[in-house]
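Pasting in a structure now, in structure tokens, and then I'll have a few things to ask.
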């Protein structure tokens, strides 16, 4: 029995609210249990230097936690003048995963910037961010299609992400903060609707894990991601 | 007739949602028309260097806009490594005004940090931030009273803030973004429940204003602030 | 009787020295009592990004205090890597006020940069800076007229600024540092030669003020500013 | 047949030179093909703030590439004022993995700082860094044992790391730069001498991979890592 | 005949004004031709970390140019977030030279901070800064003696500095900006009253110089420095 | 007798290894005793802003010490966000000296960037860096000649650099770290193959030196530099 009464393979309640903000091309509020993230997608007519004069657009992601999101006040990163290593890692994780399912040759000279702002954090903020960000990006792409800015939808597959872990020998799906805090192995999995992996990040802080444990975690993640993709589809319909 | 159909002395709809977040000692979501701000108050056992070994606590404020809050994407300030002049000015405005109605000798060796994060901006974000922040601070102070961390409530008076302006000769209360954009004179007024001024910031970008116009604006601001204070009281009851 | 023997409505001695430096298009040393500020105006053929391809020039201001200007050594802002909130606020105050009396369509594609460097600070540095800066800008504009870089003088009105305050119930004009340190209410007023307000910044750090007190302060500020404008006129003749 | 003539499951030549520098407690030069990295371990009597007054020491890692290490000149990160997201991610990867096999309660109040400086980069710099860093840390720990600064060796298991990938359907071990540049799936695997996983980072930039492909890559990584651990053992003997 | 009519071994007019500012322990305005620098010395009860718990005080120097000091506007270094290489080099030059003639064991646990702020630059700002700084430091030391904060004057010798150069084969003393701009060899010399060298910095930007040319320059510098030391003595009397 | 058994006019063993790295246009490892520096020269098709639209190319230098180079761990400068004053001074020293013997009109619109990365520091890192950098630059220029990117070799003379000093009255050539640490006078001399000076930097930290001592040091430096130039020639042949 888990700390919040869930089964080992049970997700927390997930809710995605579309059009959470007026201006961005795509925006959602995603709630996974008490974790709440605002995800937006903006489209701008520019590309970074390294894509100048190529036939590729760009997609990048930024991530931040509000000062009130955690258990104690989180200092703003601007007060240190730069993002932390953790933030940099998460931003790269989100951007890289989304780029895997988006054909950037469909939107040359354009950049889609995804922003994930965590209003409240209760574990799994990076996977919730990616899951919500996918919907925001898809909304932005559909808007570009309607406005004839692109000819076809660059999105090749739906993706979602979930955290899994090993706690005292048991594999658990969708860790909340208290579980994450004590976990032996912590893994973030990004998977497409067709069941292929896009990214696996499995970390054993002070520990290691066997191939069997890995396989158990990957199986759980598949279950969770399929549920998340169903919710994304529902929301986008 | 104003752009959104209001009378010249009419506020937009105002709503303050208490306990918007789980962890901070005080937290609200304030909505003034389409402007939405999360205001939190955290209490920490520390004071800045210049108050070390004094009998005074500290109260300070930070302000930020989310990337999706504006009409176009707003770059994160961390990407430039420092807050803008505008942000610095607003942070000082909020902190200074709140310190005017809080007796800091009631909480020596403690700092109350107010955070105002603008989720959506449609004009008046600094005055909405202050109005919401007052409620968050009062919530935090009441919690400290309940937990016997302080002996009496340091708050001497309620305060709220509103923007007023002159547009083509007419004085207007509570400017929305489109009004603010074209305004001749723009003034932010902070007032206590007893009707005294705490701060007046009146700027005529490319213009100037007479004593009569000033008096008209101050009269309107009094009306708006008394309405806001009634809503704050209702929320805190 | 005030700390330095002045009447409540009496300015400190004011002196403006023209052509204090060789190179800048306009430069003055302004002395208000012991407060001494070097104000310069440089004209450059460039505009910030947001004015590219418009018919408007730009005017901006920077402000700094020398390490030896205060009672104890003031750390250079470069050593923290960024300007303080106070500096940012003052820079915006000076730039905004000057832009109110300058028609920037007269100098498209050009930027006037005002620099105010406080050599010695004894209260009222931001208002002395603005008062001196106006003269430096006017000098620069006259030079541009002589050199046929602009067709007509973009300056629509003279402006000057003064601080006023309430100390133990009395309104005082032109606060020196020791008065400012203990003041109940502190207000900076920018006014044109025709007596209109350009900016009012009234702050009650730990206090509030009534409409009557506000009116008294504004009346005093009018007296001081008219005296300052007479000195500016004398200097520019 | 691979670009450099190797078999799909063949490592490049690996060489670890001990005591490459005079001063650090541990130092090696690791060469994996043309990739060359200086790895050092320094021990200092200090811990970060969050470990003050605990019974735990700290182990952290830094990573950098010399300007001449790549195909074109690499700008120094100090010239931008901060490390890139990529560097932050790699530093966290190395530190986290090493902490997994080191019992930090054996060296309370001490910090081991690992530095990995890439002299020449030809793919796999982060895995070569970790593999070399393990040896440098072990050397430092043995020196601490000899000097009686610690009572027992905190190292619980040997670890090493290798990159694997999928290129046009084939799984490849130990990617060189030209392979890495065109790879479909890129995975970094950290494993202990007993064959447990410490970290898996599998990224499909613009692609995804099946469970079968994952399993193939993990099998290759096991082969490579066992070879690396043999070389580490040889070097430490 | 030089550009400003001087002989090859003739200094520009030099003037040192004592007590230029009210607050710093020592302050002067030094004028060397059109070069004008405010030099101050502040004494604070602190030492940098590396002198904690030693019997040595510290002396350090900072240098800056005001935006209006040059021929065109000089950007403030705070706007780039850090001092330039040139500024860093000059700061080290001034601090190092002053430390050579000050016995820091006379003021343990104290730091003397020298600030040199160039109001107007016409060549030789670093040597004028050092020459003025010496006087400001001596003033501060005498004040400390009068206030019994130190027992004896830590100053072992007077020092001053001057620039010399080679222009088309001729050696010149005290270069003004226009000379410095075209110079073949540029040398800054710091010398004590007894004629020993404290620092020589001779740079041949795009050139080189013989031993004979070096000797000629050193001879000229001796003449100039002896004149400067006479002026310093006069000022300090 | 010196600390390491050398005569007062004896250099440590010097070795320059050409083509130390694969990619840079020029690269060497220079070893002077235990001091080891990687020096590279990269050629890029760009010039800094101030050389835009001129007929001059640019040559600039950067310098850094690896964390393991010193006696205790050296913090990376990126962690403070900027280079130290010492680093800035050394970078300027190297760039300025090299520019003195390179005719930059031979490579308009190109920049040669020299990087000196100190692997191990045992005194004289800046002079070893310059001596090695000259060889790397010459290698890059010869490559440009072979590839017909330039028409003639821009190098006008060979240069090298050495440190000399005065210890207890004796002049010493090529100071190692332990000597440098206790030295009375420390001088870095850059000289051409024809025996002209390019740069002299003589610092008497807490001391001063006579003309006779200066002459003795310059004579020693001439001996050392001629030996270094012979080694450079050998290496470049």
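Labels for the chains are A, B, C, D, E and F, by order of writing; each one numbers its residues from 1.
One rule holds for everything that comes next: a residue touches a chain if its C-beta (ideal position, glycine included) is under 8 Å from a C-beta of that chain, and two chains touch if they have at least 3 such contacts.
What you are looking at is a predicted structure, and each value in this text was computed from that prediction instead of being measured.
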Item to check | Those chains which touch chain F and also touch chain D | outcome: none
Item to check | Pair from A-B, B-C or A-D with over half of its contact pairs in common with D-F | outcome: A-B
Next on the checklist: Taking each chain's centre as the mean of its CA atoms, which one is most distant from chain C?
Outcome noted: D
Next on the checklist: Let me check something: if the centre of a chain is the mean of its CA atoms, which chain is farthest from chain F?
Outcome noted: B
Checklist outcome for this item: Taking each chain's mean CA coordinate, chain B and chain D are separated, in whole Å, by 50
Next on the checklist: Centroid of chain C to centroid of chain E, CA atoms only: how many Å?
Outcome noted: 33
Checklist entry - Of all residues in chain A, which are in touch with two or more distinct other chains? => result 81-83
Checklist entry - Beginning the circuit at chain A and going via chain D, which chains come one after another? => result A, D, F, E, C, B
Checklist outcome for this item: In the complex, the residues of chain D that touch chain A are 81-86, 88-89, 91-92, 96, 99-101, 157, 187, 191-192, 194-211, 214, 218
Checklist entry - Which residues of chain E touch chain C in the complex? => result 21-24, 27, 34, 38, 40, 42, 44, 62, 64, 66-73, 76-78, 81-83, 113, 115, 117, 119-120
